[in-house]
Each structure stands twice: as C-alpha cells, then as structure tokens.
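Going in written order, the chains are labelled A, B, C and D, and every chain counts its residues from 1.
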Amino acid sequence: MERVGLILVLEAGLAAPRRNRIQERLRELGAEVRVVSGGERTYLEVSGQDLAIRTLNPAGWPGVDRAIPLTPAHPHASRRAGSDPRRATPIEVAGIAIGGDELVAIAGPCAIEDERRSIALAHEVREAGAKLFRGGAFKPRTSPYAFQGLEEEGLRILLKVREETGLPIVTEVMDATDLPRVAEVADLLQVGSRNMQNFSLLKRLGALDRPVLLKRGYAATIEELLLAAEYILSGGNHRVILCERGIRHAVGSAQVILDLGAVPDLRARTHLPILVDPSHGAGESSRVPALARAAAAVGADGLLVEVHDDPPRALSDGQQAITPAEFRRTLRVVESIRGIVRRAEGDDPEFGHDRLPGAVAAPGKD
Amino acid sequence: MERVGLILVLEAGLAAPRRNRIQERLRELGAEVRVVSGGERTYLEVSGQDLAIRTLNPAGWPGVDRAIPLTPAHPHASRRAGSDPRRATPIEVAGIAIGGDELVAIAGPCAIEDERRSIALAHEVREAGAKLFRGGAFKPRTSPYAFQGLEEEGLRILLKVREETGLPIVTEVMDATDLPRVAEVADLLQVGSRNMQNFSLLKRLGALDRPVLLKRGYAATIEELLLAAEYILSGGNHRVILCERGIRHAVGSAQVILDLGAVPDLRARTHLPILVDPSHGAGESSRVPALARAAAAVGADGLLVEVHDDPPRALSDGQQAITPAEFRRTLRVVESIRGIVRRAEGDDPEFGHDRLPGAVAAPGKD
Amino acid sequence: MERVGLILVLEAGLAAPRRNRIQERLRELGAEVRVVSGGERTYLEVSGQDLAIRTLNPAGWPGVDRAIPLTPAHPHASRRAGSDPRRATPIEVAGIAIGGDELVAIAGPCAIEDERRSIALAHEVREAGAKLFRGGAFKPRTSPYAFQGLEEEGLRILLKVREETGLPIVTEVMDATDLPRVAEVADLLQVGSRNMQNFSLLKRLGALDRPVLLKRGYAATIEELLLAAEYILSGGNHRVILCERGIRHAVGSAQVILDLGAVPDLRARTHLPILVDPSHGAGESSRVPALARAAAAVGADGLLVEVHDDPPRALSDGQQAITPAEFRRTLRVVESIRGIVRRAEGDDPEFGHDRLPGAVAAPGKD
Amino acid sequence: MERVGLILVLEAGLAAPRRNRIQERLRELGAEVRVVSGGERTYLEVSGQDLAIRTLNPAGWPGVDRAIPLTPAHPHASRRAGSDPRRATPIEVAGIAIGGDELVAIAGPCAIEDERRSIALAHEVREAGAKLFRGGAFKPRTSPYAFQGLEEEGLRILLKVREETGLPIVTEVMDATDLPRVAEVADLLQVGSRNMQNFSLLKRLGALDRPVLLKRGYAATIEELLLAAEYILSGGNHRVILCERGIRHAVGSAQVILDLGAVPDLRARTHLPILVDPSHGAGESSRVPALARAAAAVGADGLLVEVHDDPPRALSDGQQAITPAEFRRTLRVVESIRGIVRRAEGDDPEFGHDRLPGAVAAPGKD
C-alpha cells in the first residue's frame, strides 16, 4: 500500500526549538519527517505507513500554518493507478453485474405494504426492465408517528417476491441488531442516507460476505462517502456500491438537490460502481423521468427508482413514486441515452475525458 | 390579470377585537377580506388586485399563525393556464429562436483577451454548432487584483467578432452605468449570478428593447429567480431567458452544484426559456461534457459553454474552459440526446409529465 | 392530547368527484374532514386523534395545492400552553438540575485516553465549576483509521473518575448493541450529532429510565431535532436534554456554524432544557471562550465544553479543546453574563419576550 | 507590502519538461519560482510583488496537484503583524468612533416612511442610547411589487432627522448611479447584503472620502467579505466597517443564521471594525434581544438594529423590528455584557486569546 504523505507549511519565522517539538511529536506518532527549506517558508514533509497520521490534524498545532495531504485517505476505495478512469470495477450481485456495460435499474416501492400487490408490482418492473427489486421492511421515518414498515412481515414478503419473480432483493438495514435477519433476505444490503455514518453498522457490514449499497448522506461530502465505504472495505468486504440520492440545500428547487456532478467526480476518484436515486433526488414524481435521463447522460452505472402501483395511496413517500407504466417509458429512454454515451466513448476513447483529473485524485477537504 | 390571494390561519381562540384589527388593517391596504370559519380555526381569505398585498408578510402580525399565498407572486413570469407545460415560449435573439425545437449552444471564452484569437475561436465554435458567441468585456472578479476584463476594448473586439463570423453576441453588463455602451454591442445582455438581485440594473433592463439572459444567483431560490425576471418583465421587456449555473453548497462535489432538477421545476412554473451553464456548474473542465449531456437529457433549451483555445493560459476561469475540439465532440452527443428526448415526447405526448405539477404551480417560500 | 389538525388548500376549480375522492381517502385514514368554502378556493379542514395523519403528506396528492399543519407534530416535546415561555422544565441528572436557575457546565476531554490524567482533569474541571464530567469511550470518527476510543477500558476509567471526583458521567452511546454496557456507566447518555436520526437507537432509549443528551444533527432542522426527541419521549422516557452544536454551511466561518438563534427558537417551542456545545460549534479553541459567552447571553441552560490538559497531544479533536485554566476563566465570565440576563428578566418579567411566538409555535417545514 | 507567496505541490512523478513549462508560465506572469525537492514530491515556491499571481488559480493547471497560498489575498484588510489581536482600528464617523472602547448602537426603521414619525423615532432611539440613525430611502426588495422606499423624499427626511436630532445618518446605496445623491446625505454609506459583490459600486466607493458599512452577503464567505472590503480599501478609502447579518442555510432555525463565530474569526484576520445586525440575523422580533446580547458577548464593536414605532404597520420588514421600549431595555443589558467582557480582558490581558490564530491568518478557500 502507498505510503501516507502530508506536507506541513510552518508559520513564517518559526523558531527552531518549536519546529523541533513538532518534528519530535510526529516521530512519536511513527512518521518519518523531512525538513524542506524554501526561500519563503520551511516545510515538513511527513510520511509513513500508518494512515492514523492523516487523522491527527496537525493543522491545528501551534506553529503549523497549513497541513496538506498528499495521498488519499481511503486507499481501498480509491481508483488504482493505471485503471481505465471511465469505468468502475463491476460488482456481482446474485448474478447481476453492477458497474459493467449495462445500466442496471433497481425498482420497487419505498415500503413493502402487501404481499399480493408486491408480487404483481415486481412482475411489472421486471418486464419493464428492472434487474433487481427494492422495497423497505424497516423504514427510517422522521416522525415516530409515521408508518415504520412491516418489519419481519416485510422481510417474509420480500422472500416471496424473489421466489415468484426471480428478482434479487435490495432492502435497507437500519441497525446492527437487525443485521442478521435482514442479511438472510437481502441480496444487496442497503444503508440509507441517515446511516451513512453509523460507524457501528458499517464495521459489522465490513465483516460480512454480502454486497452493500451505500447511499450518500444528505449532508455528506464525497470524501465522507468514500471514508464510509472505506469502513466496509477495510473490514474485508469488497462489494460496496455507492449511490447519490440528493443533498440538502438552502435554495434548491426541492428538498434536496441531486448532485449529478458527483458522478464524474466519484468516477475519477474511486473504482466502485455509482448508482443514482432519481426518486429521492427529485422529491416529486413529475421530475423523476427527467432526472433519470440526466443520470444516464452523466454516466451513472444504474438507477434506484421508487415505483408504486397507486402512488397517492402509498404509506411512505408516495409523492415521489412513479407508476409501472411511467417506469417502463422512462427506462426505454434512459437506455437509449446510455447507448449514445457508450457509443460516443467507443468512437473516441478520449471522449469527455480530455482533462480528467489524475487517477489518484487530490483528496477533498475532510 | 388574476387576483392575488392569500389565506391567513388565525391563532386558535383569537378574540374577535384582535381579529377585527387584522381585517381592518388588510382593508386599509386595499384588500378584500372574507372570514371563513372552520371547526378548528378561523381563516381570513384575502384577495385583491394589488400584488403589494402579498409582500407585506402578514405571517408576522400578532394573531396570525400562518399566511399561505394562493397565487404566484410573479404573474408575468408564470406559465399561462392551458399552455403546453413541456414547452417554453420561444424568444428571438438576432434571428435565433431560443426555447424552440432546437437546443441552442452559446459558446466562447470567459473573458475576451485578444482580437485575432477571439475571431479564430468564434469561427471554430460556429463550425462546431454554436449559434451565438459569448465573451466577457467587463468581468466580475472576487479579488480586486484579478484581471477585470478589457472593458471598452473588449466590446470593440466583440463587434469585430460579429462582423467577421455573423454570430450574435452575448456579453455581461455589470452595472447600470455601463448599460448604454454594452447594450450597443450585445445581442443578448447577460446578467451574472452576483447581479441577479441588482434591482437597479434589473429595472433599467425592463425599460430596454433587448433580450436579457438572467443567470440564477448562486444562492438564490427558484422563486427569487422568477421574481428577478419579474422586475424586467413588469417593466415591459418581455424577452427574458433564464439560466441555471450552479448553486453553492456545504457538501457538493465542487464549489457549486448544478441544480438540474431546477429545469423541470422551472418548466412547470414559467414559460420563459431555460438554459444551463455546465461550465460554471462543473467548475472544472473534465466534468463539463458529462454535465452538458445531463442538461440536454433533463430538458434544457440551450447551453452556455466556456470554450478557450488554450485553457491553462486563460486569464479568467481557465480551469473550467474546454477546447474547441472538446466542444465539438460534446455538442454532437448533446444533440443526439436532445433528439431522443424530443422523439420520446412525440411518441407519447404525456411522456414524463404524467403527474406534472399544475400549470400554475404553488409558489415557493419567499 | 390535542387533536391533530391540517388545512388543505384544494386546487382552484377542482371538480366535486375529485374532491370527494380526497375526502374519502382521509376518512379511510381515520380523519374527520370538514369542507370549508371560501370565495377563492375550497379548503378541507382535517382533524383527528391519530398523529399518523400528519405524516402522510397529502400535499402531494392530485388536487391538493397545499397542506398546512395546524398543530405541532411532536406533542410530547412541545411547550404546554400556559407554561412560562422563558423557562425549561428542569431535568434531574444524578442530583443536578439541568434547565433550572443555574447554568450547568459539563466539561472533559473529547476521548478518554488515560486513567491518571482523566482523574486529574476531572478534579480540575470540578474545581473550575463543572457539574458533570464528559468523555468519550466509543468515538464516531469519519475515518476508519482514526483513533476509535478506548471502548470497554474507557468505560472503566469513567467509573473510576466518578468514584474519585463524585462528578456524574456523560458519555456517548453509538449503537443499540453497546447500549446496555454504556447505560451502566453513564449518568447522562449522549447521542451524537450523526446519530440524531438513528431511529433504532432512539426507540431503545425511549424504553430506558436514564436521561438522554440529544445533540442536534449537523444538518438537521429544529423540527427534526424535536421529532427525534419525540421518539424517546413517546417511548416513555421523559428526560431528554437538547444540545445545539453547530450546523454545516457552505460559507460559514468554520466547518460548522453555531446556530445560537436556535436557543430562543427552541425555547418558544419546547419545554426541554437546551445546552450549547461551543467546542464543536467553534471548531478551534481560540473561538471557544467567545462562543461560550454568547451561548450564556442567548439564554442556554448549560454548556458542553471540551477540555484537555494538553490539547495538541489529544488523540481526538485537540484543535478545539481548551485547557483547564482557559475553562476556569471562561466559566467565570459566562456566569456573570448568566447573572445579568437573569436579573434583567427579574426586573422586567417581559424582558426580551415582548413578542414571543405563541406557546404552541407554528410547526416548521417538515 | 508583503510579497505574495504560493506553494505548488506538483503531481507525483511529473516529468521535467512539464515542470519546466509550469515554471516558465509562472515567470511570464512576473513571479519568482524556486524548486523545492522533498522526498515524496517536488514543490514550486512562487513569490512576487503582484497580487494577480494569486488569482490565476494554478491549481487547475495540468501537472499541479495543489496550490496553497502563503499570504492573505487582501493586504489592506488584513491585520498588521504586531497589532493587538483583540482590537479593531477605530474608524471615525461624524465624530463617533466605531471599533473603540464603546459598543456603538445604530438604530432606526428598515425604511423611512414619514417625516414626523421618523423624527420622533430618532429622538427615542437617541435617548435610549443609539449613536447613529439608520433608515432606508432606497430599498432592495425581492419582489418588484413590494414597497421600494421613498427614494428622493426619503433622503430629504433623513437630512431633516439629522438636523433635528444631531444623529449621524446611515443609509443604503443600491447603485453607482444613485451614489452621488445618497453620499450627500449619508454620514455612513451602507452597502447591503445583495450588493456585497457589486464590484462596480465597490470601485466607486473606493474613490470616495466617506465611510462605508459593508454588510456580508448572505451567502458569502469571510474571505469574500474581506476581498469585497479590499476593493474599497485598495481604491484609497480606508474607512470600511464590516457587518455580519446572517447567512442562508438549509436547516437553520430561521431564514438565515447569524454567524456569530465570524466575529472572533474576523477579529483575528482583519483590523476593520465589526458590527452585527441582530434584526436581519433573527428574522423575527422576539429573537432580536437574545441575539443582540449574544453579539455583545462574542465581542462585536456595535449593533445595527431595526426599530419601528408600530412594527405590524411597517411597510418593510416589520416582522423583525422591535419597539423603542424594547430597544432601550435590550441596549441596557447589552452594555452590561460589554462591560463584563472588557473587564475580563482588562484583568487578564490574555483572556480568551490563549491560542489566537496568528496575526496573519491562513487565507480561506477562495
């Protein structure tokens, strides 16, 4: 693994004894330190094997003006030098490759409400082109008085859906305590936006042999998303799929703004597949088709779409669900756009990447 | 013009004399007031011809719990009832229709730097498919020590570009004082993000017979953008084109986040054409092609793209400029995506609009 | 308990059959519905006993233009009608009243690192005026490579600190799985910012007889904070103390902005005590004293302060820790300010509350 | 003036010819470049007299990984080395020192509405302790249909107020075109939040001999505020007073959040006086007294407060205005808090500044 590096800019005119104390402290922490003298300032180049060095924030130490990381903070999530910067490393979920040539659609209701209707809906989305079925049994709700999901009964229905339709199941795990029983049902374990930094849960997922769909926190940076993925990856579970689902904003056109620019940005930094959730990103159904098209155009590896047979009657998030017919029409257009983007890349291997940031991107602000 | 309407929810158990004082105050302001009694609360339905009623914010008055507007605050900018909610009213700029069937690309450097190179670049972007040429003579820069534009000399070069290439000119006006001389050169007057709420400038633009490209403020809501447009429209100038260019965010993947969801949202609310600026929205050139594709996919009427023949040497915003060759390749793909989206709409007149918000959308928070 | 109320503004000109369908759907959900006819629009006044009605978001239903809640979504957290709107209901923690006349200071290191030094520090902060000792045994860290706390050993040291100094212990619980062992040690269980919406954890805390310090999520609204408290309160645990600790912002002067305006805002809405954490709110130690003073001036019931005997050597968050001597000096000034504010209130019972929002405040946007 | 400095971190393994091109380009721009070789990377230390070097953003150049500024971007606004980091350089406005020992209160209505009442109000706020009178003649309003101020008539009334009460006048200038006539009346020219980056206006203010009250943009960073001040200062006008008035946020407790932490942060970076506007920062009158107290506690040099004799009847911003009696009571408490803070500093010259960031603070992100 690459050595960790930092460059510290010392304060102008820092006295030698104070500089020595900083060097000494860094060496105590296991780092190698090299003094680099410029004409305007003195710098300390810090390096070592231990990533903990990066987390100590020497920028706050007396005498240190700035601390600039030279290597990414998440070696497992970072793109390998030399890999094709336009592609993910595909991850296999119950026989389906996510992050490969095909855009993969995952569809289903926000919450599982009823067995018969869930199965009917799963048949419909499968015929429309969905490759996996999503549905919540445990639902994180802002209010304790809102419908919290069917829980155990919801998991049972999901098993039935897979049995009847053959679609692999994507469902959310909210808590380490629920993990064993959810992991029995889910082919792909979803970690929701509010749990992106539930580190206890992430550590347990790292110990599992089951792929994880990690949704970006609605107020999380790209860097924090990659560090959350790193919790799982560094634990030994290599199957992490990222998902952009919109972030909170003071002035956005909806409750959240779908950060589609995060897709090319993540692509340059990580080899993990990147999905987009246009349903949460839109907040209301009339905007879902347009944002699903935009997600395909910007280069997402797949979509996570809320589909309900009777949206106004949905017990959760009905406002943003589309109908099976709308899903079918949307997916047809999405696939054409995917085709155009891929063909353009094929014609011109450099397409859209003339000045792609380096394979190992500069780490963002922590 | 539609009457203005508000519904006031009075505090529970408000005494009659206090309610009377509120009614009296509203009538002084020229409003008609109707008392509406429910079982839980009493409401005042307020209406009248004068839009100033909406701006008084009775929500802050003692005894008033909530004030809910019933009509949009910007009658000129709002979509007319019965109009096709998928289309803008096209606006003509020097013979080019913006907001019609064709996606219109506007391209050129951030700042005009040199006559010979500007003309050569204009020829290149025209051949690549751009319909208008953009370039700044007066540049708003965060630092007083940054290049501020060639000013008068820049305007002279823009005239020369139009003469040589026939491309209509888009350039920014920063100030009412500069308006007369900029308006002599510009076929389309650009109001930059920082000036979206320069109300003195907006009022003067309202008195002009020249189309205006109004960029959304980087921390402005959709509602504020439409109210800024209303300043120009209510002054008598009917040619306003809106432009989404990214908004500031705590956790976005770049300095700003391109709010592509604003395009369908604006489409439902206003009949004005909507452009997207993927260059400012990306912040760095490697992300521009992907965001330009996404803008086409989401339904924008056109693009505003920064193109420079030697981006690293650009005196302003070189980091986000793409080269003429990149622009050509990007525009080819963008046009294919535009075609797919339009064809899908043609096949199915309801495509993507099954549950479009009403023609007169609910006004956002002010 | 108060009945839940909503007022729905129907779309202008909505046909009777569509209106009937909305009424029918609401009645299916257990609500009473009253049609209220104004001159401009028709309204549905919805009421009932079941808070779930509020969570269904009828604003998204076809034909419904706006849905305005008339009652707070969190009956247990809300201030009771008639209570003194300037005071909290005090909560007792191991014999200390939080939310009463005295401002209560809670102090200690971010993470417990060493037994001997922890005990020495606890003696120092007690002598300086701290009433409880804080220190983390389980630490939520953005990076998996950062120090994660001493865990079990940290809990053991905290017990020792209480034994030696008599100070009650405040420590964080990160996960339902850890709850039993942390609850054995903590006199006040801290829920950190990232866990404010860990609903599984909140539900378990609701079943406990142990006070909870609930920190506001760094991107959570006041309304969401009160709904998170409601999860605990509605479970039967009445001892919840709120804590403002700074929220994330695009342009703030630090990583987060301390939202001191939230203190009077919360005061008007809830009877729960309100603390402020000036350490996380400052992000760097030099700003902690000024923000601690401001927290006292704005009316907080207490402070949560990170104190470390050697901040640059701290294994976690050293940048924002102050020394025991700084803490002592700061607390002296903080107490003088508290005194002035209380005396001014005593001289003039209406001080600062001339136009306080009603005891039952208008609910915020969900 | 200090030389400008930057340190560029080059990409790992950058070939010598590419490095040479970067050095050559920097030298073309007038910079001196020194190659500094570490063990992990190569760095270029760039320096020179010309601040334009800082504005070119070499971070975007191919081969440059990071560009770290070593000196502030605003030499005139920055605190001088060796100055007392707890104090501003006082600025004199019509005989009143702002930024000195006394906290200065500026009070008056949002908009001037009537001569007789304006004079009566001015007498009241003067007796309560205000040292200057504020009132808008030209009002920036989000909607074109809102009251836009009395304009010329408003200026005439302000002159009358000064004549009758002796209070110096603070009023807003919205536009370079209005500047001459507003400057005839105003003792202190206010630049509003929306105009903080109206660079044309700032340049004209730089050429004037009249003090300027520059309000922070509601979505502007501290760094941008200081650069906006630098536009005026570098033009030769040395009398600039800064004002924090709240910034927009996704989740704040009001429309804006008052960023009180900006006061100590600005104090460390700039010698300019710093006011706080608790009225815009509160958004509603009931929170104004608490935030005014907090502003004094955090160390502001003065307050800008909206006072109206009949707030619910105010034509602009009545929701956030307090009455003269409330203003009087608030100011009394504010002055006691100011006294405590100053005395504490007197007793202990190091109070609250034990670890103050260096006199020349690290520049923020641009």
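Please note the rule applied: a contact is a pair of C-beta atoms (placed from the backbone, for glycine too) under 8 Å apart; a residue touches a chain by one contact, two chains touch by 3 or more.
Bear in mind that the values here come from a model prediction, so they are computed numbers and not experimental data.
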Item to complete: Starting at subunit B, find the fewest moves between touching chains needed to arrive at subunit D.
Response: 1
Discussion item. Quick check on the contact network: minimum steps from subunit B to subunit C?
Written reply: 1
Discussion item. So using the touch definition from the top, which pair is joined by more C-beta contacts, A-C or A-B?
Written reply: A-B
Worksheet item: Roughly how far is subunit A from subunit D, going centre to centre by Cα mean, in whole Å?
Response: 39
Worksheet item: Per the centroid of Cα atoms for each chain, what is the distance between subunit A and subunit B, given in Å?
Response: 31
Practice prompt. Can you check how far apart subunit A and subunit C are, centre to centre, with Cα atoms defining each centre and the answer in Å?
Written response: 29
Worksheet entry | Per-residue multi-chain contacts in subunit B, two or more chains | 62, 219, 224, 248-251, 284, 355
Discussion item. Under the definition above, what is the set of subunit C residues touching subunit D in their complex?
Written reply: 219-222, 224, 247, 249-254, 257-266, 268, 281-287, 289-291, 293-299, 311, 322-323, 325-326, 329-330, 332-333, 336-337, 340-341, 344, 348, 351-357
Practice prompt. Flag every residue of subunit C that touches subunit A in the complex, lowest number first.
Written response: 25, 50-52, 54-57, 59-62, 73-74, 140-147, 174-178, 194-195, 197-201, 203, 218-219, 224, 227, 230-231, 234-235, 248, 250, 284, 312-313, 315, 318-320, 366
Worksheet item: Inside the complex, what are the residues of subunit D that reach subunit A?
Response: 3, 5, 7, 9, 11-12, 34, 36-41, 43, 45, 47, 62, 65-66, 68, 70, 219, 248-251, 355, 358, 360, 362, 365
